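Across the two complexes that follow, chain A remains constant while its partner is chain B and subsequently chain C.
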Partner chain A sequence: MTSKELVQSKELVQNSEIMRRSLWMDAWRRFKKNKMAVCSLVFLMILVLIGLSTIVIDIATDNAIYDSLIIKQDLTDRFGEPSGAHILGLDEFGRDILLRILWGTRYSLFMSAAAIVAAAMVGTIIGAISGYYSGIVDNVIMRLMDVVLALPYMLLAIAIVAALGPGLVNVLISIAIGYVPEFARIIRASVLSVREREFIEAAKALGASDRVIIFNQILPNVLAPLIVQITMAMAGAILSIAGLSFLGLGIQPPLPEWGAMLTNARAYIRDAWHITAFPGLMILLTILALNIVGDGLRDALDPKLKN
Partner chain B sequence: MKKALALILTLCLLFTVGCGGGSDDQSGGSGEAKDTLVWVQQADVTSLDPHVGKETPAVAVTCQIFDTLLVMDENNQPSPLLAESYENVDELTWRLKLRQDVKFHDGEPMTAEDVVFSLNRAIQSPYVSYVVDVIDDVTAEDDYTVLIKTKQPYAPLLSNLTVPFTAIVPKHVVEADEEAFRLNPVGTGAYRFGEWKQGEYVKLTANEDYFLGAPKTANLQMKVVPEASQRLIALETGEADLAYVISANDTQRIKDSSEIQLFEAPSQSVTYLTQNMTKEYFANEKVRQAIRYAVDTKLIVDSMLYGNGQPANSLIPISSFGYSDKSKVYEHNVEKAKQLMVDAGYPDGFSCTLSVTDDPVKMEVCQVIQNQLKEIGIDVSIQVREYGTWIDELGTGSHDLSYTGWVCVTADADYNYYSLYHSSQVGYPGNDAFLKNEDVDRLVMAGRETADPAERQKDYDQLEELLGDITPYTPLYYSSVNVGASNKVEGFTVDVNGYHRLRNVTVGQ
Partner chain C sequence: MQNEKLLEVRHLKKYFSTPRGQLHAVDDINFVIEKGKTLGVVGESGCGKSTLGRAVLRLQDPTSGEVIFQGEDILKYKAAKMKQLKKDMQLIFQDPFSSLNPRMTVSQAIAFPLIIQGVISQKDKAALDKRVNELMDLVGLAQRFVNSYPHELDGGRRQRIGIARALSLQPKFIVCDEPVSALDVSIQAQILNLMQDLQKEMGLTYMFITHDLSVVKHLSNDIMVMYLGMMVEYCSSDALFAKPLHPYTRALLSAIPVADPDCHMERVILRGEISSPIDPKPGCRFAGRCIYATEACVGEEIPLTEYEPGHFVACARINEIHS
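Here is the complex of A and B:
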């Protein structure tokens, strides 16, 4: 490589960084215009803050608050209606519903995030390998993914939990496994289209290894669909966690998971509306927010919609 | 905007679906009473064969189709049904005279031969054998006289013959084709079998030739509705006339209603925690005592069951023969429980599991227990099990704690003591605490083999005193049996075991 070529390639790198930065800046500008999406994003940020602060509180107080307010029962005061002291009322064991919902944020939000990030990582690697090498590798991998996809998602999760037993980690695993093929397919499709582009050819001509091409050249170019898919899948994962807990397979009592709160409360739905309404409402709002943010991101990142 | 509209429309759709599904009008024609009575219950029939399906939901149906030799009267005493009289020949032998006017649904008369066949069949059935395995030999003296010999003197034999799992089945039908009999049962009962759609319903039609007179309602239909609140809704909308096993939190709603009524009776069933004594922690007597002090049964009954039940100190229902007031009372006392945990060598407590079947009320009570045991350092994780898995766990002894119940069907303490405490009955038969104690065995057998009621009571008093400290189980409560019924239902009486016979029930238009 001569010195002249080196300078050129450096310029190229700088240019591409400018390009890349402006792509994300562009997207953010477009996203900002979508008021619904911004509101939803703020809502999600607040939830994340709540989730983090409850964890910090628990660590700082050595679970004192958790033990005395979140799981401590008071059977003398069951089904308290919403009031000044307990804004969302008391549940069937006399526990404050508002506090339980706040403390439950960590399960719905962080668990689903963890499961989806795990699924995305595995799915991305599988999808990239499959798309990049094509041929027999692609065929074998994608047929395997099709097998997983052929099973209804919830059924697969239930089967995995039934085999592993209920509990936090097992729920995470069951959800992650179910989402891997979706990511693999999306990444593969994107890789297929990127693979034929000139800059990949250039990289090959420069003698870059497959690993470098996949991770340094291809993957940064398929980030947009990946991010959109992650937001959408998170909404699904929250619903799955809540669903599994509702069926008694997910988070076990007395942990304040939203779906588990619903399943306990369902016997009383006609006598005490507030103990089902609020956890249900939180699930609904969170999923709605994630979907709107996902929609917003998709629109913002779609190059065809450039204005 | 489009999205908002779509959202609103979706919500509307959800609400209409939720509110739909109203009552379909069952009434047809005019006349005094409806010709079909519909009842809803929590689970489907497990088997229509009375010597196989011993679960309450199964017996609730088969007790309409089949009869037993004897039946419990309102004072919990055995009284004649298919057998019109009985005498104790010697301490091992009973002679039963059968009614001569009883016919099976296919028109064949019921004779001593059928009784001999049926009892032998029950003895050989692994499902129900424990009720009748004390019988050594059954013989027919003539067409309508049966001689029953027991292996050892056995006082509660007559009570055992009232248990529906000892029902009389037609020999000629069963021998001809057992599979066909199971799908199309033929009995002597007030109702003939009509149709069974698994998981949905069973239809029965009146047996006009029933020996106690034709039943008052022409058709019965049992529908399966697993969710308790749904059963109540079925009652409210008129889809059902009777709803079995109303959830405790719904009983007040029925009492407030002018359309429906509640039938209640103290049951013969006791609910308790089994402590698996083959596991390290629960082999320790002090841990078991600590658990009893820690669990506040009164609070559970008052709050979780809304007072529909009675806190229990022993596993013998109060109304049964042999109930002893000598049982040790463990008043709720957290300090004492904590001290016992320290004495036992677990000052910091331990973790264990608590298994329970999928039932909202049971799961809730378990959460209360979980909370109460946490106070003495026992970290309980609740394991919700499918019914079959739960039974297998108890049978093989792989559980730690388990939320369990037992129905004293014969209303005689022997039924509970023998199954739950005798060392020969560990595992599947009922002793799922895996208690093996020679003194307990001796007293259980003494109570079983003595004929004199006063002597038996003494044995059981001693036994209860002995069990007070051993406490292999934590008795929780005696539940009550309840049935919700439309106000138009007349002639219904509650069976303490949940085997409600419907031959005298009518439903007004």
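Here is the complex of A and C:
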């Protein structure tokens, strides 16, 4: 090895050390090893892309495709079996099931994401305050959360939707409220353990305010359980949206929501299997994928698993 | 400059309320630290050393007493003034594994105090980087670690981050809470030398808390020995090692290992358990384990008396023991 090469290799070593190797990179490396989780993540990514592109198509065509293919009924060709022209067949009003499923992605995926992100934000703030200040504040907040938790989740959602009336936003609110206590509890527990660490005392000794300590020092350290909980809760929220729609309280026909498609098709289940099977299958696959990704994230973010 | 008092603590008490009564963690502590000097605080686990350090910095508000820093009683300070004061009084922690935020890089950890105290604006990246680099040089951290996370570094390097963080605000006084007891012996020497150099360079004043007398021997000007929240002996470092007075101090000193296999020192072995710090009875708290204890040691409080000029000891039988 010439001296020039030696200098270069030394530089290489130094450069690689300068490279920012964050905890998230480590987690991603561990996540990649879990093939099932990666497949599920890819599946979810495809769904997100489909959801986004259908929205873009609707905006670009001024709802022309949406009106003519998704909503418009064609009673001459009801219950069409899956075929070359309509891969998943036609529903009870002669609409293409595949297209309706694709167009329905936005409700299941984006609505549940919006509801859960809202719940996670509110729950995180409540949980962080509760865990950080402890004492009476903690007791009052947590007992209030217990009250919400004491109600069966679906019943609570139904009650809220019944009170507010069905509709996109109301379903969203009802689902978000139901998930707040879950997030608050998880964040509170994590904050309780982080708050006793010495670096929090160091921040206090440096003169940091409570707000800075909570948001800047504690919350970044509880992100891992939060992310896992968000993916898991999203699966639950998709099911809840579908469930509410199935009960006729959620998204109303003729919007192509998967749960709503199921409830409309239910009456014809003996005559046309494909109308119920495919929307149901989509719900199943999406929830399965979210759960597997959640499990994978939990394993990857666990600092005790250093491999 | 030589005899300027930087910090004076008078009758400092910190009690904790527990279901079984008042826990006397720090009981009537008095001491003075002059500018540029080091006070060593020595005692076994649970004797209230760390609580004393935190009470002095008001991280835990004392129950009563006075902490006079640069001529003013800081216990009377309001929150805003307290935040200003934190620039002058800092803390170095025992455990470099938990005293650093695992989600912050070295540069973020060192820049954090500068940002929250408003010394350098968060937007002024160039000035921040420059100051972080200066501080890393000061504590002997190689620049290539600037973007490393604490878990990627060893204990000695992490402790250097902790020191850099404490120094970033250019404090006058630093409480060092067992800064080397979590480190290997070889690293301990490095860190202690670093702290000594920094003291000379920046004129720092230390309150050095430790359970290891050999660590403070070279570093301290004065030493205070604590037992169950009370001072049992307080004198210059030289006097303590030359002539320990209190039976407890002598037991501590005899526990220092000597690097000589032929040296057979007489060990003073302490028997019995440390008594409970909850609502302690008046009298010497060490009496239960002391080989010299008599009835004179219990029943009433034993004051700290000046046995020799500048050498204070709290022992009822001191004259008999040392005659």
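Convention: the second predicted complex is superposed on the first by the 286 of 307 C-alpha atoms of A that agree within 3 Å, B and C clash if a C-alpha of one lies under 4 Å from a C-alpha of the other, contacts with A are read in each partner's own complex, and residues count from 1 in each chain.
Keep this in mind: a residue touches a chain if its C-beta (ideal position, glycine included) is under 8 Å from a C-beta of that chain, and two chains touch if they have at least 3 such contacts.
Keep in mind the model is a prediction, meaning the values are calculated, not measured.
Novice: Is A:Asn221 in contact with chain B, with chain C, with both, or with neither (first, second, both, neither)?
Specialist: Touch status of A:Asn221: second partner only.
Novice: With the two complexes superposed on chain A, say which partner A:Gln252 touches: chain B (first), chain C (second), both, or neither.
Specialist: Touch status of A:Gln252: first partner only.
Novice: Could you say whether A:Leu206 touches chain B, chain C, both of them, or neither, answering first, second, both or neither?
Specialist: Only chain C; A:Leu206 stays clear of chain B.
Novice: Does the superposition put A:Ser134 against chain B (first), chain C (second), both, or neither?
Specialist: neither
Novice: In the superposed arrangement, does A:Ser53 touch chain B (first), chain C (second), both or neither?
Specialist: A:Ser53 sits against neither chain B nor chain C.
Novice: For A:Arg197, is the partner it touches chain B (first), chain C (second), both, or none of the two (neither)?
Specialist: It touches chain C, and chain B stays clear.
Novice: Which positions of chain A sit in both the chain B and the chain C interface?
Specialist: None.
Novice: Show which residues of chain A lie in contact with chain C when the two form their complex.
Specialist: Answer in residue numbers: 14, 17-23, 197-199, 201-209, 212, 216-217, 220-221.
Novice: Would you pull the chain B residues touching chain A in the complex into a rising list?
Specialist: So the residues of chain B touching chain A come out as 3, 228-229, 247, 249, 253, 299, 302-304, 358, 360-361, 363-364, 367-368, 370-371, 381-384.
Novice: Can you list the residues on chain C that touch chain A in the complex?
Specialist: On the chain C side, the touching residues are 54, 57, 59, 82-84, 86-87, 90-91, 93-95, 98-103, 105, 112-113, 116-117, 144-149, 151-152, 162, 165, 169.
Novice: Using the touch rule from the top, collect the residues of chain A that touch chain B in their complex.
Specialist: Those residues of chain A that touch chain B are 36, 71-73, 75-76, 78, 92-93, 166, 248, 252-254, 264, 266-271.
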